[in-house]
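In order of appearance the chains are A, B and C, and numbering begins at 1 in each one.
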Amino acid sequence: MSEPVAKTNPGRFFEDFNLGETIVHATPRTITTGDVSLYTALYGPRFAVQSSDAFARALGYPTAPIDDLLVFHIVFGKTVPDISLNAIANLGYADGRFLRPVFPGDTLSTTSEVIGLKQTSAGDAGIVYVRSIGRNQQAEIVLSYARWVLVRKRQPGTPAHAEQVPELPKAVLPEELGQGCPAIELAAYDDALAGSPSRWGAYAAGEQIDHIDGMTVEEAEHQIATRLYQNTAKVHFDAYGARESRFGKRLIYGGHVISLARALSFNGLGNAFHIAAINGGRHVSPLFAGDTVFAWSQVLEAAELPGRSDVGALRLRLIATKNRPCGEFPLRHGDQYDDGIILDFDYWALLPR
Amino acid sequence: MSEPVAKTNPGRFFEDFNLGETIVHATPRTITTGDVSLYTALYGPRFAVQSSDAFARALGYPTAPIDDLLVFHIVFGKTVPDISLNAIANLGYADGRFLRPVFPGDTLSTTSEVIGLKQTSAGDAGIVYVRSIGRNQQAEIVLSYARWVLVRKRQPGTPAHAEQVPELPKAVLPEELGQGCPAIELAAYDDALAGSPSRWGAYAAGEQIDHIDGMTVEEAEHQIATRLYQNTAKVHFDAYGARESRFGKRLIYGGHVISLARALSFNGLGNAFHIAAINGGRHVSPLFAGDTVFAWSQVLEAAELPGRSDVGALRLRLIATKNRPCGEFPLRHGDQYDDGIILDFDYWALLPR
Amino acid sequence: MSEPVAKTNPGRFFEDFNLGETIVHATPRTITTGDVSLYTALYGPRFAVQSSDAFARALGYPTAPIDDLLVFHIVFGKTVPDISLNAIANLGYADGRFLRPVFPGDTLSTTSEVIGLKQTSAGDAGIVYVRSIGRNQQAEIVLSYARWVLVRKRQPGTPAHAEQVPELPKAVLPEELGQGCPAIELAAYDDALAGSPSRWGAYAAGEQIDHIDGMTVEEAEHQIATRLYQNTAKVHFDAYGARESRFGKRLIYGGHVISLARALSFNGLGNAFHIAAINGGRHVSPLFAGDTVFAWSQVLEAAELPGRSDVGALRLRLIATKNRPCGEFPLRHGDQYDDGIILDFDYWALLPR
């Protein structure tokens, strides 16, 4: 028996990342109406544009577009084997922009550029900043976002990279929004079919909306979801290995929480049909199977889109909790998050005007 | 911060329904082969017409039609936020007719007309009767059914509506059946591929058929199913809220039981490929995750369809039980249902002659 | 009430099989992208050819082909009601050959020829050997395999069939491989997108690869999978009936284990994109919900395909375990399998050269 080259992927350690390099991720993935059905079945979204070809076509789409978060999860999932297999923590996202709608039949692939590196003071790990780009089969960019993760070093003693921390915006600017949304035929937008009479102008900065409903998560559900995204992070699937881990059980993919909270937000934001940008997001504490997710939203800002009278943007803070209804809008006490909060997510949504 | 109009849907109370009004329900939904796959995966149906494009085309369909119950669940799911969010109980269905086949790519939407109102003697609730109509993207009616639910009043003291109770047929008449089924090329109907040698003429009124097999239900399964139908009834999804409820746990959507029993009924009714009408249905007791569903059928009546020699109709009573095999055909003792019965469903199926 | 002919399928007993007869199985099944999505969601495969239309087209496929094991499960599922409803044990497979790629929209059906019969010495059961053939809607053979099962006799006393045991190959010959794989445009094969730099030439006979990752299985997942294949074996679905069985709980379909192990094997065999043949397989011990599956592979043989320079074949032994990582390559001690082994599967895979 020969001594072969290792065939399996050990994941990259902090030393393996080089500033400026671009990583091509496996596996390209054709999104289909099968994925749409599963996404509906896993979260229960009811936004009419993504649910109905007829509704979408009346507005000017060629057919119902893929839910923006399904696009995000599939683009993101590809980065896991190369970026975060040895990650200690996902630290944040910024400057996420949905730049082109995705339709059934489109094939998505992802590349990531290393845009920053910073070793921790303890010297045994470092923060890796990447800009990940999702493209369709025509190589058109459909999604671009920055992300930073804390990654183990292979050997604590190796010298540190030159430190470089990228500047990232706190929020995407309104003038950058809307590329992922074609011009909307407003006269065809049917509020009754959409399920809400409240268009963009009905919301005001500061407004808080409790989304009321709760959704309990099962192990089978989050595993089915996370595999659908070809996300291979071990912590979501391996109950045997998890016995020795900090929590002793499988962790649920953070993106699953975002999608649950977004689907719940339909009750109060039924016309917020398109996520135009992700400004930031923090997974405050982990979610486990058996927990019930609730959510509420705060309107941070309302903005017009330059040159567009069809849609307006709302900057929304989406808070998700576990096992705690949100009628009292839990958030913070001092510098601590309130008990039960699992997600603090900041995004721009588009609504018809 | 302004005082905004409430954005979330509190559901209608008994006082909010007006006789004769028509409610347009959100969200239109394009049915796809992705939904078909999930439906197969959730229940395991094996009726050849719905399973195989090749089989369906040989008979005269343009392609395999969508399972009638999947159509029902999607049409029904849309009514929940407007009709039954504050319902105390689903009391019954009647006069359900499948009027046109539905194919992948069709978009379904639902409206409901209030056809009856009757306050309870206690004065704190009332029965709302609606006729719900499912239409495709050409506004053609694919399904029409009546349903009545017991709905809470917002305030017990408000004056009652004028009472009106609609007359509904005990069963759809044979001459009304068959619009949902094109003319069938009988010579192309292959019993071996269909899985049963017994065509319409082989069944006689009074015949009882034990469907033998049992199917255990998991929480993830019924949640995935019910979200697929965009049915938002809280009781199916929120284990946290359910702790304080009568049963202390999530209830399974009654339609899930119907689909399970129908799929089990293939073993004995393999050629009953089309549900032409729903005469009535009663959810005798609730199903919970971990329970195992069994089913048996009784042939109530065999009827020819006027002017058609390709297919005949069987009126079938489908009984489902939990944790009780049906070899002894459990039904009633006196005026009580036998232990374990969860569903008593009365429908018309079409079979080739 | 008349005394009707039995309508339900009791399954065949050993006496009911006749040498040389061909059984036409129900139910034909159109495979769609919905099935592909569910397959991805249930196992998490990442082979680029099956995941991406764009990748597959660049190589010369008309579109992404259906995963070979999904084809196998659907062809196999149809045989259960006729062959193995009264089976005591699945004894083995041999000579499985994938003879033509399957694409979304194809309709599969299955026939089985009885190729051998052998009563057990105890006289209360017998081994039935069948060759099962899966065909598409053009009646082209897509899959052919032999299988033998131990089936109960209806009455121990009935005379035995004349004994005939077919000769089956230990392994499919390399010259028989490749019909299920079109000529591959090697220049278009992108290793980075495929996720592995190791092509056919990088593997040597004797090499062992630990696939590292573990995947825990839930009841909902294997039930959803097995119903997707319209496999009706009671032992997988009926927890109520299983209480009285040997294990006291539901058994997981053996094919579910094969698909899990195959998906795990991507980590180490990322370019092994096509299963060309199944040489044999043994389900060493049962898998139950809650168990975590690990896997490792041994390269048994590397073979060129006569006349083809695009792809080469590896004969692989895929070992799956439960609740036991495979870093130490568990296999056998003496004539016993090591603890934790659940699957010993022998197949040919094709890789680009």
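We take it that contacts are C-beta pairs under 8 Å (C-beta built on N, C-alpha and C of every residue); 3 or more make two chains touch, one makes a residue touch a chain.
Computed from a predicted structure; not experimentally measured.
Asker: Are the interface residues of chain A and chain B largely the same numbers on each copy, more than half shared, or largely different?
Answerer: Counting which numbers both chains contribute, under half are shared, so the two copies meet through different residues.
Asker: Turning chain B onto chain C with a C-alpha fit: angle in degrees, nearest 5?
Answerer: Rotating chain B by 120 degrees superposes it on chain C.
Asker: Could you put a whole-Å number on the gap between the CA centroids of chain A and chain B?
Answerer: Taking the mean C-alpha position of each chain, the two centres sit 36 Å apart.
Asker: At which residue positions does chain A touch at least two other chains?
Answerer: Expected reply: 32-35, 37-38, 218-221, 224.
Asker: Which part of chain A faces chain B closely enough to touch in the complex?
Answerer: Checking each residue of chain A against chain B gives 32-38, 40-44, 46-48, 51-55, 64, 192-196, 198, 202-207, 209-216, 218-221, 224, 267-270, 290, 292, 294, 323, 325.
Asker: Mind listing the chain B positions that touch chain A in their complex?
Answerer: Residue list for chain B touching chain A: 1-2, 4-5, 7-9, 24, 26-30, 32-35, 37-38, 81, 105, 107, 109, 137, 218-221, 223-228, 230, 232, 234, 237-241, 250.
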